[in-house]
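Once you scroll down, you'll see the structures, which are given as C-alpha cells.
Each of the two complexes below includes chain A, the first together with chain B, the second together with chain C.
Presenting the complex of A and B:
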C-alpha cells in the first residue's frame, strides 16, 4: 500500500476489471479481486454517504489515492477547482550546458573518427531536446483541508489532513505541495509537504500534526510547485483553501495576588490604611456620637472609664489593569522549543484576571505592543468572557510578534489617557530591555502603583547569556529600590512564585 | 580531477551553509538561545532536514554504478572517471550541493570522451552515457526536492516518475541513434555525423 507504483498498478487493474462501475475507494481496492457480491456490497456502502468515503480515505496512512472510479462520492463534493493565484514561472536552468557537452562529444568523435562517441553525443542531444520540449503545467487542483479539532485546548495535537485532486485536463508529472501552516503553530509530526505526480482525476492525501497554541490561527494558501517532466521549467501557484482553528484557553484562578494600596471607594478585599469597618485592627480613637456599639473598646471602658472606638482596616476593591509586554523584544524563550515570555505572561495574566475578578476587583487588560489592545476595567461574567477572549485571541497578544514599530511615548500617552485615575497596574514583562523598566517607573511615577511580574527567560550557559541574566537582575534590583514591587518566576509556577514573594512584602 | 571535486564540494558546502546548516547546529548556537523567537523554533522544525530524499540518492547511485560498470567494460580509465563522477554525485547529494553535482557530471563527460577516444564499443558507451545523465538528473532532482519539501516528506512516486521519464528519454534516444548507426552499416562516421548533427540541431530549433 505504501509503494506508490504498486498502488498505481492496483488502480489500473481496478479500472479494467470494474469498467464503469463506481465503487470502492482506496481502502476498498482489495475487494476488487473478490466476487461480485462483495463489490455490490461496497457499492451500497459507497451510496450510504460521503462521510464514509472520506473517513476511510483519511484513515489510510500515506497513500496516493488512485482511481477515478474510486472517488466518485468524494470528488462529487470537491469537484470545483480551488481558487488559485499564479505566482511565478521560472526556468530552473538545470539542463544548462547539456547541448554544449553533447556537441563537444560529437565534435571529438569527428576529430578522432570514433562513431561511438558520436552516438553518445547524439544521446546528449536527445536530452537537450527533452529539456526544451515541456512547459510547467498550471495545476488545476481541488484542495480540501480538514482538521481533527477546530477548537482545541492549548497543547492539544491537531491532525491536519490535506487532500488535493487533480481536476484539470493535464497530467502533473512533478507536483510539490507545501501547506501554509499558520506561523503560530508548530508542526510536531510529519512535514506539511509532499511531492508526487498526478494524472488527471487522481488525488494525493497527506497528513501532519500541529500542536495547538493559544490564539486564532488561519491557514495560509497552499503552495503548489509544478515542473515539467524534465524539470526545466518551474511554476509556483498559491491555492486558497481557508481553514482556521481557534484555541481559547480556560482561565483558572491562580493564587491570591496581593495588590497595592490604591483602591476605589467600593467595598472589596484589599486592606487599606483607611480606618472604618473591617476585620483587621487599625487604630483606636476617641468615641464619637453615633459609633456602632460593637466597635466600642469595652475593655478600655472597664479599665479607665473612657469610651473609645476601635478602627478597623477598611477593605476596598481595586481597579487593576493587567499590562502585558508583547513587543517584539519580549518574544524570548530560554531555548528555541520553550514557550516564549509572552506566552508565560499571558498565562499568568489569565490567572491573575480570574483571581482578581473573583475577589471583586475591577480588572482591565492592555498590551505593550505596536497594535492596540485595551479592555477597560470591569467586572461581571460578561467581562470575564471578554477578558478570556482578549487574552486568547487578541492580535496584539498573538503567539508570534506583530509587525510594526513600537513608539514608546505615543503608547504611554494613550495608555495614561485611558487608565482610570485609581487604577493600579500589574505589568507582565520579561524585562529584557530597559524600555520595560523605564515604562514601569514612569507609570508608577504617575501615581498608578505598579507591580512588575516577570517571567524569567534567561539561561546561563554562555558568557553572553550570563551577561543578559545579570542585566535583567540589575533592572529588577533598580526597580525594587525605586519602590516598585517585583516578582519573577522561572521554572516554578506563577502562583508559587507569588506566594513566596508575598511573604516578604509589607503592606 | 579529484581536487576539482573537492574544491567544488567546499564551495558547495559554503553555498549550502546559508540556510540549512543553521538548523543542524541549533544547540551549538548559544548566543541566540536566550532570545530565540517562537517562529524561529517553528521554522527550525520545518527545515530540520533539507537533505535530498534517500530514494533519490539511491536511484542516482544505482544509475551512476551502471554507468561506471559500462565504462569499465569499455575502458578502465574512462570507467574510473565515471566512478569518480558517481562519488561526486554522492557527495553532492549528501551536501545538497548542485555545484558538486555539476562537477561530477563534467568529470563523467570527460570519462565518456576518454572511453570513446580509446575506442570503446558503441553499446557500452551508450549505456554509460544514459546512466550518467540519469544519475545526474535524479541527484539534482533530489537536491531540489530536499530544498522544497525536505527529506521527511513522501516523494517516492515523484522520484519514480522523474527517473522513469529520464530513463525513457535516454533509452529512446540511444535506441534511435543505435538503430540509425546499424542501418547505416557503420564505418561512415562523417555521413552519420552530418545526419545526426543536422537532425539534432533542426529538432532543437524547431522545438524552441
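Presenting the complex of A and C:
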C-alpha cells in the first residue's frame, strides 16, 4: 500500500538541518533512475516510487517480505524487531536559550509597560515548553540488509539494499539511518544512509553500491539516530543485522622467484651444489664401477686414456614459507585512499604461492600479526585451495589492522617451533620499522634462508616522509649487506621487479 | 541555590493565587518602582540565560563517514607530527628534539659513509663538525658550535618557528641530495 502522507513527512524531515538530510535527498534523486527495477518486484512500491524514489516508504501489510532484487539474500526476518543496543542520549541544545529569550522579552515588556511584548514573550514560553515536552524515542525497527552477491570477485560492484520497518508502537518523527559499511569496503554509488520519518508499520528502503575487495567483510551494526518532534533530544541506537561477503581472489602464478639453496631431499627444480642426476654440468670425477655409460666422459677417455664420470647438478624441491607482515605498522600506503602495503604483500604472496606450487615446491603461509595464522607447507590441489582461502579471508591478513598487541619474541618462538628445518622464508614486508628487518635477520641466522620482498609504500613530500624513506632504504641496504636477498617493488608489478632483481643474483 | 529556588516557587504560587483571587492581587498592589525593578530583573536574567547558548559546544551524534574505506596511514606521518610538536619556538621538549636529531644523524652518517666511501667513524666526525655539507643550516643542525645563518634566524623569528625546524628540514634535504647523487 502506498502512503503519500508518510512520504510527505519523510521529505519534510529530510529538509531539516545537517548532512544526513542531504544524503537522503541525494538517494531519492538517484532512485528515480532505477524505478523500473522495482516495478516488477513490487507494484505498490513502484507506484509509491514516483513520489519518494528509491528511498521508498511503504506501509507493511501482514507478513509482506521485501521484494526487491530477485537474487538478493535476506539476512533477517521482517517481523521480529532487530536486536538493538542503546548508545547515547544527548540534548541537541537546539532550543537552548529560548526560555531566556522569553523571559527577557517579558522583562522588557514589564519595564516599558507594553503588553504586546509580554504576549510575544508568552510565545517564547510556548516554544520552551514544546522543546521540553518530548523525549527521543527508542526505535523498534526491523532491519533487513541484503547484498546482490555474497561471494564477489575483487573489483565487482555489489548492490546493498537496506530496509527498515518501524515495528514499534511509536512514530519516529526524525530518523536517520547510517549503515555500518565494513571498513575495508568503499561505497562507489549512493550514500549509505537515509533521513526520514516513520510511522508505526511503515518502512524505508535505501540502496548503495560497494566495490568488493579481498577479504571477509562483515557489516557493523546500523546506527539509528532518532530525535523527538522538536529536535531537542537525540538518541543513537545500534541495530545489529549481520551481513557479510567473502571476496576470494583467483591466484595466478607470477613472480617466478629463484629460491635459495636450502632444499629438501625430494626432486624438484632448485639447482643444488650436489652432484648427481640432472641437466646442468657440475663436475667430473674418477670413474667408479657401476656408473652409467652415458655419464662417462668419452672425450677425456680419448684424450688421456682415463675413465671419468660427469656429474650433473641435482635439482631438488624446496620447502618455502611465505611470511606476510600484517602488523598494524604494515597497514601503510603512499596515499590514505590507496591500497595498503599488506594488500600488495598478500597479492604478491598469492602469485608466489601459485608459482612455487606449480614448480613442485612445498609452500606454507604465515602472518606476522597479533593473530595467529599458519598454513603448514604442503602441496597438491587441496593445499592450493587452502592457501587461496588463507590469503583471502584469514583474519590475521584482514584488509584493516587487527586489534591486539604484537609480541615479537613470543611470535618468533612459536614461528620457529613450527617452521620445518629445511624451510626457507619469503618475507613480504614494507620494512617501515626496524622490527621487520631484525626479524628477517634473526630468522636467517637460525638457518632458514630469508628473501625479503618489500612493497614500497613511502613518499617524499614532507620532511618526516622523506626521513622514513631514507631509513627504509638504509634497512634494505643493511639486509643486503648481511647476505639476505631483498627485492622491492613500487609502481612496477611484482613479477617485473622480481625479474629485474633476479638478473643481479648469483645462486 | 536552594533558598532561591524556594523563593521562586513561593513567588509563582503567590502569582497563581493572585490570578484566582483578586483580593490577594489588590493586597500586593506593587508600586511602579517595584514593577520596574522586576522588569529589569527579568530582562537581565533572560539575557543571561539566552547567553548560555553562545559558548555551549554542541555535540550532536556523528554518524561518521561509512562510505569511505578506512584510510591507510602514510609512512612518516607520525614523524611529521613529532616534528610539528618540537618545531614551536618555545623551548622545552628537549628529549624529543634530541631523539629526532639522533635519528636524522644516523641516516646522515650512513649517507655520507656511502657517498665518500669512508669509514663510519670518519663520516660521523664529518657530520658532527659540519663539514659534511655546504649548507650552513644543515651543518648547524648537528654542530652545536656553529650558528644558524642570519637569514634563517630572522625568518624563524618572524614566523614564530624554531631554528631547529629549519635545521632539520635543511639536513633532510641535504641527505636527499647526497643519496640522489650516490644512487
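Please note the rule applied: the second predicted complex is superposed on the first by the 427 of 507 C-alpha atoms of A that agree within 3 Å, B and C clash if a C-alpha of one lies under 4 Å from a C-alpha of the other, contacts with A are read in each partner's own complex, and residues count from 1 in each chain.
Heads up, the rule we're going with is that a contact is a pair of C-beta atoms (placed from the backbone, for glycine too) under 8 Å apart; a residue touches a chain by one contact, two chains touch by 3 or more.
Note that the structure is a prediction, hence the values are computed from the model and not measured.
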(Q) Quick check on the superposed pair: does A:283 touch chain B, chain C, both, or neither? Answer first, second, both or neither. (A) neither
Q | Partner chain in contact with A:458 - chain B first, chain C second, else both or neither | A | both
Q. So, does A:500 touch the first partner chain B, the second partner chain C, both, or neither?
A. neither
(Q) With both complexes overlaid on chain A, does A:471 touch chain B (first), chain C (second), both or neither? (A) second
Q: State whether A:93 touches chain B only (first), chain C only (second), both chains, or neither.
A: second
Q) So, A:334: does it touch chain B (first), chain C (second), both, or neither? A) both
Q. Between chain B (first) and chain C (second), which does A:191 come into contact with in this model arrangement: first, second, both, or neither?
A. both
(Q) Once chain A of both complexes is superposed, is A:180 in touch with chain B (first), chain C (second), both, or neither? (A) second
Q. Is A:400 in contact with chain B, with chain C, with both, or with neither (first, second, both, neither)?
A. both
Q: Once the two structures are superposed, pull the chain A residues common to the chain B and chain C interfaces.
A: 92, 97, 99, 101-106, 108-110, 112-113, 176, 178, 181, 183-187, 191-193, 225, 331-337, 339-340, 400, 432, 457-459, 462, 464-465, 468-469
Q: Can you check the complex and tell me which residues of chain C touch chain A?
A: 35-36, 38-53, 56, 58-61, 63-64, 66-83, 103-104, 107, 110-111, 168-169, 172, 175-176, 179
**Q.** Touching residues (chain side chain B, partner chain A) in the complex
**A.** 26, 30-31, 33-42, 44-46, 102, 105-106, 109, 112-113, 116-117, 119-122, 125-126, 128-130, 133, 137, 140-141, 144-145, 148-150, 152-162, 165-166, 169-170, 172-174, 176-178, 181, 186-187, 189-190, 192-193, 196-197, 200, 203-204, 207-208
**Q.** Partner chain C, residues of chain A touching it in the complex
**A.** 18, 20, 87-88, 90, 92-93, 96-97, 99-113, 176, 178-181, 183-187, 191-193, 208, 213, 223, 225, 234, 236, 331-340, 400, 430, 432, 457-460, 462-474, 477
Q: Spell out the part of chain A that touches chain B in their complex, as residue ranges.
A: 3-5, 8, 62, 64, 92, 94, 97-99, 101-106, 108-110, 112-130, 132-133, 173-178, 181, 183-188, 190-197, 206, 225, 229-231, 329, 331-337, 339-340, 343, 399-401, 432, 457-459, 461-462, 464-465, 468-469
